Structures are given as structure tokens and as C-alpha cells.
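The two complexes that follow have chain A in common; it is paired with chain B in the first and with chain C in the second.
The block that comes next holds the complex of A and B.
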């Protein structure tokens, strides 16, 4: 049980920091709404709504990248990560706590993004919402680990999209498939499989990312 | 390898595609070899994390390096094949090609990661974790790309073709084995070279 207490404390720390400093979330919200507005002008008259659905996924993915690239900023600048690694708890708790806080940010950003999309383009289906929820789990799990990796490198924020986008291709396929297909179950299954597989790998390997 | 080339050009019967069907004996073995290299790299990465095997880091890196080279060759030969077969250099409906493109991008990112970290245990760990991600990505991508054909191309291409005759299959097997042999030789050469580099650097440091 102490494991979950640690995870909860770490996630709460991130949310509290965000509540006080308001660095990340407003940026994500503004970014996703302005991206949707840009997409309105990207689509020529007569483009189908399907194209708009695809672009929604692009907007969500890049918004997630924006949030992820800042996610370990505080840890790096203040040297918090060394303290966390030295703390007498399982290292994977750091990953889980951070992933939960990222998940909260993503969820909040999408609470704004999906209604905005419905307002600008077309109504949102239940399968789309299901796809977004499952995709968020995968993005938070994989993204957190890759953000920790990118933070350790010289290139930092530059590296994260390069590491993340090839891994996000199955998420995009599952998400877009779930939103446009008449039979979304298969795609939601793919997303669920992805989440489970990569969450286990991330959980097991995070220790090696922060220690030597 | 020479035997394989001889068989490819003189033994295997031509099918309805004519001469350009020969590229099949290069393209598919190269693709298999690339998979084998990625798999080997992932296995060595796992060994590194699990058993703390210091050498495994370099071995994993060399295997992935070769995998990327073979992956690039797969893309090139695949698109040449697609050009003759379907008249386009790039066919999005060909699962294998798209998969190799994804993997190629992924492993290029692996190099970016590796070169932006200072040498040391941390670089070895991060590279190993990322290499493991790659091995997990291969089956997931295969599944995802299969599924994506449903909404990107409603009518799947019927690949047709190679219902292989005995002699074709024999040639194919020899070609696969030959390509594996080439890869294994390159792997050992490259590994020996890298080890020599490391050793040289150590000696230089010891001298100073």
C-alpha cells in the first residue's frame, strides 16, 4: 500500500505545482484550440468531415507532446529527480505518479478540445471519446518514460518528438480507426492492447532510465 | 552468397513477371535479415538490463545499426519492386513497406538518442530500454497497419504471385541463408572494429 501512497503523493505534488504556477495546462489549452482554428483554414471548402477527424488526432497528439516536453522541467531545473531516485521507494512509482499527472492534464485539455471540435466541425461520437480515453492512457504511459529519457540527453525537448512519434503511430491508427470506422471495437481493442503492453514495459524499465 | 546469386539468376524459373521477379530473392531475405538484426539487438538489450552484461550494449548497438542498413535496403528494393509491379515507387497498401518505414523512423530516433547522450552507463541503459520498445513495436505495428488498411484502402490489394514452386522455394531458402551469413559476417567485423576502438581509447588514456 505504501507504493500507492507514494504514487499518490507524487501525482499530487505535480498537480499542486501546476495549480500554483500554471505553466503547462493553459499553454496546452490555448495550443489545442488555436490548432483547431488553424485546421479550419487548412481544409479547403468541400473537404469531408473525415479529414477534420484525422486532423483532430494530429491536434491531440501535438498538444500531448507540448505537455510532455515540459513534464520533467521542474525535476531537471531544481535537481528534484536525484532526490526522488534516492528516496526509499520503488522507482517505478516516479513514473506512475508522473504518468497520472500527465493523464490529468491531457484529460483536462480534451475536456476543452472535444467540445471545441464539436462546435467547429461536427458532433463527437461515443467511439471517438472512447478512443481518446484509451489513447490518453497510452500517450501518458509511453510519453512519460520518453520525456524522462529526453531530459537526460543533450538535445532535451528537441529529442522528445523524434522518440515519441514513431511509437505513437499505432495510437493514431487505433484512434482514427475508432473515430471513423463503422465497427470501432477492433480499433479500441488495438488501443487497449497497446496500452497494456507498453504500460508493462514502461513500468518495468523506468528504473533503468533514472539510475545508472 | 555467390551460390545464392548463381541460383537466383540461373536456376530459379521465371514466373509471369519475368526478370524483375528476381528482386523477390533479394528483397524478402533482406527484410528477414533486418528483422533478425532488430530482434538480436533487442535480445542483447534485454541481456544488458537483466544480467548487467557490459558488452551487450555494444552488441545491441551494432546489431541495430546493421538492422537499419538492411531496413533501408528493404525500402529501396521494395520500392523498386513496387515500381515494376504496380507502376508506382511507393505503395501505401503494401503492409511490409509501411512497416519498414515506421521501423526505420523509430531506429533513426534510436541513433539520435544514442548520439545525444555522453558515453557511459546511462547511455547504455537508455539505448537498451529504447531498443526493447522497438521489439514491442514490431508486432503492434504489424497489427495496426493491417487494421489501418481497412479505412485507408477499402479494397485490399491481392498480392497474388508467389505460390512458390519447389525450385523457387529452394532458391529462396538459399538466398535467406546467404543474407543471414552476410549479416553475421558484417556484425562480427563491425563488433571487432568497435571493440578495437574502445581498447585503443583505453590504451591512449592509460598512456597519458
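The block that comes next holds the complex of A and C.
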């Protein structure tokens, strides 16, 4: 139970920081809405719904990337990661706490993004929502680990997309598949499997990312 | 408590530490001196487990939770208040009577009146006081202090002197400084890095 108390304290801290600094979530919201507006005008009249769905996933992925790039900013700029690493709590709690806060930011961004998508393009199906929820889990799990890796590098702004986008390909395949397929269950299963597999890998390997 | 043999640390081609051998026993006070760039900070980071040696042996016989580390950065969140920062660390270090201990340290270091102010609004000296509170919060048995007087005013220096006087002999210390005269009377061992 102590482990989850640590996770709770770390996630709560991230939410409080965002509430005070407001430097991640507003940017994510603005980005995802403006991207959907641009896509609305980019697609010619009569374009396929499939294209619109693909563009939604592009918008969601890059919004997530924007949030991830800021996720360890406070720890990096103020060197606090050393303080967290020195604490006797299991280091994977840092990963889980951060992943939960990223998940919350993604969820909030999508609460705005999906109605905007419905307004500009087409109604949102239950399978699409299911796909988005499962994709968020994978993005938060993998993205948190990669953001922690990238934050130690001087070329972090470049490194994070280079690491994250290839690993996000299965998420895009699963998400788009769940959104457009007549049999979304298969793709939702793929996303669930991806989430479970990468959550375990990231949970187990985080310690080696934040220590030398 | 700490045993190092032929310790070496490199970052790429740059050698920061070379052939450092030291023993710090229980309740020892090791004063580490040396010019800028001699590796004082690196040595403390190695002892804290924040970096790994390139060569040599290093054994630190203290659990992570019993180690107090004061580095160049205060290791506090600027957007959180002094109280919130210490509360977070208190939770992570499972400090018993967290609230009482936090309040006592804030009062002792003259930060009680600004406990609800964000750390980002603090001066350099106040941040150093807060960092000292964070370092001492969990009653560490090994203290690794890197230039502990840095940024402190006269009052802050006296507060730190009092803390060190009270704790010397009850905990082990490794203190890096370029002002050894201030800490000379505490020292039971000295290490001069070149």
C-alpha cells in the first residue's frame, strides 16, 4: 500500500504543479483544437470519413507528444529528479505517478478534442472512444519512460519524437483500426496487449533510465 | 559506512576524479576540499548513488532512506510552497510525525512565516535553508553536503552551525567546501582533491 501512497503523492504533485503553472494542458488543448480546425479546412468537401479519422489520430498523437515533452520539465529545470531518485520509495513509483498525471492531461484534452471532432467531421463511435482510452494508456506508459530518457539529453526536443513516434505506430494501427473497422474488437485487443506489455517493460526498466 | 578504493570518474574523455581512496566510519566527519573542478561534487554524487564510478570500488553502507544529500540545486519544486515541498518529501521518506517535523524544521530555519509561499519566490539563501530542511527532514545517518553555506546570510550560517554542532557525533558527514576553516573544528578526517 505504501507504493500506491507514493504514486498518489507524486501524481497529486504533478496535477498541483499544472494547476499552478498551467504550462502544459492549455497548450495541449489549444493545439488539438487548432489542429482539428486546420484539418477541417484542409480536407476537400466530400472527402472520406476514413481520412478524417486518420487525421484525428494524427492530432491526438502530436498533442500527446506536446504534453510528454513538458512532462519532466519541472524535474529537469530544478534538478528535482535527483531528490525523487534519492527517496527510498520504489523508483517505478515516479514513472507510475507521472504516467497517471499524463493520462489525466490526455483525458482532459480529449474531452475537448472528441466533441470538436464530432462537430467538424462526424459523430464519435463507442469503438473510437474505446480505442482512444486504450491508446492513452499506451501513450502514457511508453511516453513517460521515453520522456524521462530524453530529458537527460541536451537534444531532448529532437530525441523524444524520434524515440516515441516509432513506438507509437502500433498505437496508431490499433486506434485507427478500432475506429474504422467493422470488427473493432481485434484492434482493441491489440491495443490492450500493447498497453499491458509496454506497461510492464516500462515499469521494470524505469529505474535504469533515471540512474546512471 | 563509506569505503572507496581507487575511485575514478570520467565523463567522456574528461577525467573528473582519479584514484580517490577514503573510509568514512560511523559518526566520522570528512571534510573534502579542493579547487573548482577538482571533483568534490562528483565525489558526493557518487556516494549518494546519483552517479556510478567509471573505475574503482565504492561501498556505501547506508540505505537510501537514511541518506541526506544537499547538492548545488535545492531539489525543490518552485511552484510548490515550502510546506508542500517538505510534505512531499516527508511522504516519500515515510517520516513519522511528518507534519510536526516539517513545522519544527521550518521554524528552526526561519521559514515558518513563509511556509505558504511558493519556493519560486524565495531568495537564494531562503532556498538553501529550505534545501537544508529537506536534507534533514528524515533524520539521515549519513549526510552528504556540498557547499552547505552557499547563499546563506549570517543568521543562516549560524543556524547551520547549530545544526552541525548538534548532529556531529550522531551522524556521519561528508562535506565538500572551499571554505574549510569554517568546518575545520568538526572534521575528523580530511580529503584534499587536486
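Couple of notes before you dig in:
Everything that follows uses one rule, which is that the second predicted complex is superposed on the first by the 212 of 212 C-alpha atoms of A that agree within 3 Å, B and C clash if a C-alpha of one lies under 4 Å from a C-alpha of the other, contacts with A are read in each partner's own complex, and residues count from 1 in each chain.
Note that contacts are C-beta pairs under 8 Å (C-beta built on N, C-alpha and C of every residue); 3 or more make two chains touch, one makes a residue touch a chain.
All figures in this text were calculated on a predicted structure; none of them were measured in a lab.
By the touch criterion defined above, A:132 lies against neither chain B nor chain C after alignment on the C-alpha atoms of chain A. When the two complexes are overlaid on their common chain A, residue A:194 makes contact with chain B while staying clear of chain C. With both structures placed on the common chain, the touch criterion links A:152 to chain B but leaves chain C unconnected. Within the superposed three-chain model, A:60 lies out of touch with both chain B and chain C [touch as defined at top]. In the superposition on chain A, A:212 makes contact with both chain B and chain C.
Applying the stated contact rule after C-alpha superposition, one finds that A:166 touches chain B and leaves chain C untouched. Within the superposed three-chain arrangement, the count of touched residues of chain A is higher for B, of the candidates chain B and chain C. Once the two complexes are overlaid on the shared chain, A:174 sits against chain B while remaining clear of chain C. After overlaying the two complexes on the shared chain, residue contacts for A:5 are found with chain C alone; chain B is out of touch. Shared contact residues of chain A, touching chain B in one structure and chain C in the other: 211-212.
The touching residues of chain A, counted against chain C in their complex, run 2, 5-6, 9-10, 13, 16-17, 20-21, 74, 78-80, 82-89, 211-212.
Of all residues in chain B, only 49, 102-103, 105-106, 108-109, 112-113, 116-118, 120-122, 125-126, 128-130, 132-133, 136-137, 140-141, 143-145, 147-148, 150-151 touch chain A in the complex they form. Chain A makes touch with chain B in their complex at residues 142, 145, 149, 152-155, 159, 162-163, 165-167, 169-170, 173-174, 176-177, 180-181, 186-187, 190, 193-194, 197-198, 201, 205, 208-209, 211-212.
Against chain A, the residues of chain C that register as touching in their complex are 48-52, 63-65, 67, 69, 71-80, 84, 88-89, 91-94, 118, 134.
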